[in-house]
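So, here come the structures, one by one.
Okay, so chain A shows up in both of these, paired with chain B first and chain C after.
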Partner chain A sequence: MGLDYTLVLWNKHKKTYDKIIGFGMLLYLLVFIILTLVLNPETTAETMIIRAFGSLAVLMLHIILIIGPLSRLNPQFLPILYNRRHLGVSMFLAALVHGVFSIIQFHTLGNVNPIYAVFTSNMDYGSLTNFPFQVLGFLALLILFFMASTSHDFFLKNLSPKIWKGLHMMVYLAYALIIMHVFLGAFQQETSPFTIGIMVIGFMLITSLHLISALKESKIDGLKSEKADDGWLKVCGADEIPNDRAKIFTVGKERVAIFKYDGKLSAIHNVCKHQGGPLGEGKIVDGCITCPWHGYQYLPQNGQSPPPFTEKVVTYGLRLDEGMIYINPDGFEEGTEVEPVKC
Partner chain B sequence: MDAGLRKRHKYIWLLLTLVLSTLLIMVIKSLNFNPRVESSYASEEVADPIKEAKHDVMDVTVVKTVDAHVLELNVKQPIKSASSVIFTLDENQKIGQLEGIGTYTFQLENEISGIIIKDVIKNQEILKLEF
Partner chain C sequence: MEAVITVFLTILGIYFSLGLLFGLYFIFLGATKVDPFMTDSKKKVRLLLFPGVVATWPFLVGKLIKPKTLN
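For the complex of A and B:
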């Protein structure tokens, strides 16, 4: 968490993460260039740059898109999610190099504006195999530009998390445009089933991981707790929750995290106000519930971020009856103080 | 994620899976490249050159084997284009792609009267050879 905005809020983990991103990108480009020089030495430098950075951006986009569902399926992948924004901005830069070099190489020698030429040099919009695929790549690059330029907590705060998330979910549209850009463009010339096969496998991997995690989440949403006579829900035994950790339950349509700490129990809404991270998968650090995604913190008894921060989440009433925890499904206002239950 | 966001993710990916799968199948079906002939037919079968064309950039020969026509290209100079795709002159059917200097062989469905090499990115004709 940071109170004021700096360009990048560095810490040791982010530096390590970024070093891995930078090294990985350089390694890929180096291997691509060496293989091209060995297998196809007549390739011009411009073509090599376009292909190397284009394929790098596609590879990075695949990695970015599998991080989310992998983290939902297995919390061990959460550390990769931690700094996904930097991976996204790096991917945009690779895509930008590809796009700029492509426009320079294919559209700057004519007598019309190069951007206008992207849309008009091939007007065969009715054809599937001769479709002007560069238009799809250009539109995807525009989406990635808006996403990369707003990939900062300043925009998250000022646009509101809802609008920001909606804008950043456009990455799925960008992915669809890029997939079609590659299939309608590069594969019009590419005869190798190997490269087509890799793209198809990538598509199947991404879609299946997203669908599997979505089905898993739907299954959890469908779980109903036993209702007591007074309408409270019987959720679990107090000894089932580890110290300084939580268990997550579906209450109505929402998820609630019940934390155990210092011999007490408190319940808050499971969704972090920052980027929607699952608070119940975090732990108590320095007396605060700490989001596993980006470290945002909340006090367990009132769902408020410790001063001077102002984030607040809904809190819930609990009671303990013969070792079993019961929760009131009607949550309180965000940030309402609730006396913790002793256990 | 809250319940609404989880639902949005689920429906977006269901839609993407259906739409993109359909489009990809249609595209892959239409990418009907003829495979390059890897084996040396000349040493195993009777092969008669029936058509030839010569150019500074490449020599082109159509050879008739026992059961097929084969297009043989000997590219002598680099083609200064990011995309060099071969089409038949007769029906504008795609035959394959050139990647640099070297010898290429492609199986043909029918006898052809010539080839056109196009840059499909710029939608421009690079070379036209008639037999």
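For the complex of A and C:
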């Protein structure tokens, strides 16, 4: 959270993380080039650059796509999730090198506009085996450009979190295009079972991790709450919630996080206003509920970010009866002060 | 098919050309009008935001011409 914008929000951990990304990318390129020189020495420098950066971008995209479900399955992966933005921009740069070199090598020799040539040099759009795969790569690169260029808090705020999130969810469309780009393209020329195997394993890994984490999420939504006579919902015992932490429940159609702190209980809507992070998976830091994704904070008793920040979330009424917590399913307006329940 | 490609690339070209113009306006004049938090931000930040402004200019133009509401 900040009151102005900086070039890059670096801290000690982020710098370390960025060094790992940079070193990892260099190491991959080095290994790729050495292996190519040993196994396929007749490969030209341009082809080597195109393949090295293309495969690097695909590898990085797989890592990016598994971070989300991994961190939902195991909180130890959360620090990587917080730093995913820089990994995404680095992946785009690798894909850009691949795309630019490909266009220079294959589409700049004629007198046609190179971008136009990408779309028209092969017009066999009706064929599966000879489909112009370059077009798929170009469209994927366009999506990645939109995502990488808006990877800054300025855009999150000014496009609105909903539009920003929608834009960045297009990574899955880019992934589908890239999968087809690789299968239809590279495999038209190179049918190495190793390369096909790696791509299939990557696809299965991403799909299965997303399914497993979705199953875990659905268990939260499936938790049944007992309804009292006055319409309030009996959710759990106060002793089931650890100190300075929360338990998440589905109330109506909304997820609500009930926090325990300083011998008190408060309930707020589970979704952070910043990027939709799960507030109930965060903890109380300096008296504030702190989002596990990017550290946005809210006061537990009123769901408001501490001044001068202005974010607000819905709050809920609670009561304690014989050690059991009851919640009013009708939430209050965002930022409404609710007296915490003593426990 | 060629006609579809020509129309698509022409629209794409116009979109990014207008985006470039708006991006230049954003860097030199419009940044603080779009977002008051840009007042204290350095020129480097505006340059960093330039590609994203080019990409998403319709949303930012909408924000610029939308009447300001009090929170």
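Here is the rule we use: the second predicted complex is superposed on the first by the 343 of 343 C-alpha atoms of A that agree within 3 Å, B and C clash if a C-alpha of one lies under 4 Å from a C-alpha of the other, contacts with A are read in each partner's own complex, and residues count from 1 in each chain.
As a working rule, a contact is a pair of C-beta atoms (placed from the backbone, for glycine too) under 8 Å apart; a residue touches a chain by one contact, two chains touch by 3 or more.
Every value quoted in this text rests on a predicted model; they were computed, and no experiment measured them.
Evaluate whether chain B and chain C can sit on chain A together after superposition, giving fit or clash.
On the superposed model, which is not a single observed complex, chain B and chain C fit side by side.
Quick one: is A:271 in contact with chain B, with chain C, with both, or with neither? Answer first, second, both or neither.
Once the two structures are laid over each other on A, A:271 reaches chain B alone.
Output check: A:115 vs chain B and chain C. Expected answer is one of first, second, both, neither. What do you get?
So A:115 only meets chain C here.
For A:12, using the defined touch cut-off, is the partner it touches chain B, chain C, both, or neither? Pick first, second, both or neither.
The answer is neither, since A:12 touches no partner chain.
Just chain B (first), just chain C (second), both, or neither: which does A:218 touch?
Only chain B is touched by A:218; chain C is not.
Which chain, chain B or chain C, ends up touching more residues of chain A in the combined arrangement?
B
A:200 contacts which: chain B (first), chain C (second), both, neither?
It touches chain B, and chain C stays clear.
Let me test your reading of the model: by the given contact rule, A:179 touches which partner, first (chain B), second (chain C), both or neither?
first
Would you check which partner chain A:149 touches, where first means chain B only, second means chain C only, and both and neither mean what they say?
Second partner only, chain C.
Look across chain B and chain C in the superposition and give the shortest C-alpha distance you find, in Å.
18
In the complex of these two chains, what residues of chain A are touching chain B?
It is residues 40-44, 46-47, 50, 105-106, 121-122, 124, 128-130, 134, 165, 169, 172, 175-176, 179-180, 183-185, 187-191, 196, 200, 203, 207, 210-211, 214-215, 217-218, 221, 253-255, 271, 276, 278 of chain A that touch chain B.
Given the complex with chain C, which residues does chain A contribute to the contact?
3-7, 115-116, 119-120, 123, 125, 145-146, 149-152, 154-155, 157-159, 163, 167, 310
Enumerate the contact residues on chain C facing chain A in the complex.
On the chain C side, the touching residues are 1-2, 5-6, 8-9, 34-35, 37-42, 44-45, 48-49, 51-52, 54-56, 59-60, 63, 71.
Which of the residues in chain B end up touching chain A in this complex?
For chain B paired with chain A, touching residues are 1-3, 5-6, 8-10, 12-14, 16-17, 19-21, 23-24, 26-28, 30-31, 33, 35-36, 78, 80, 82-85, 96-97, 99-101, 120-123.
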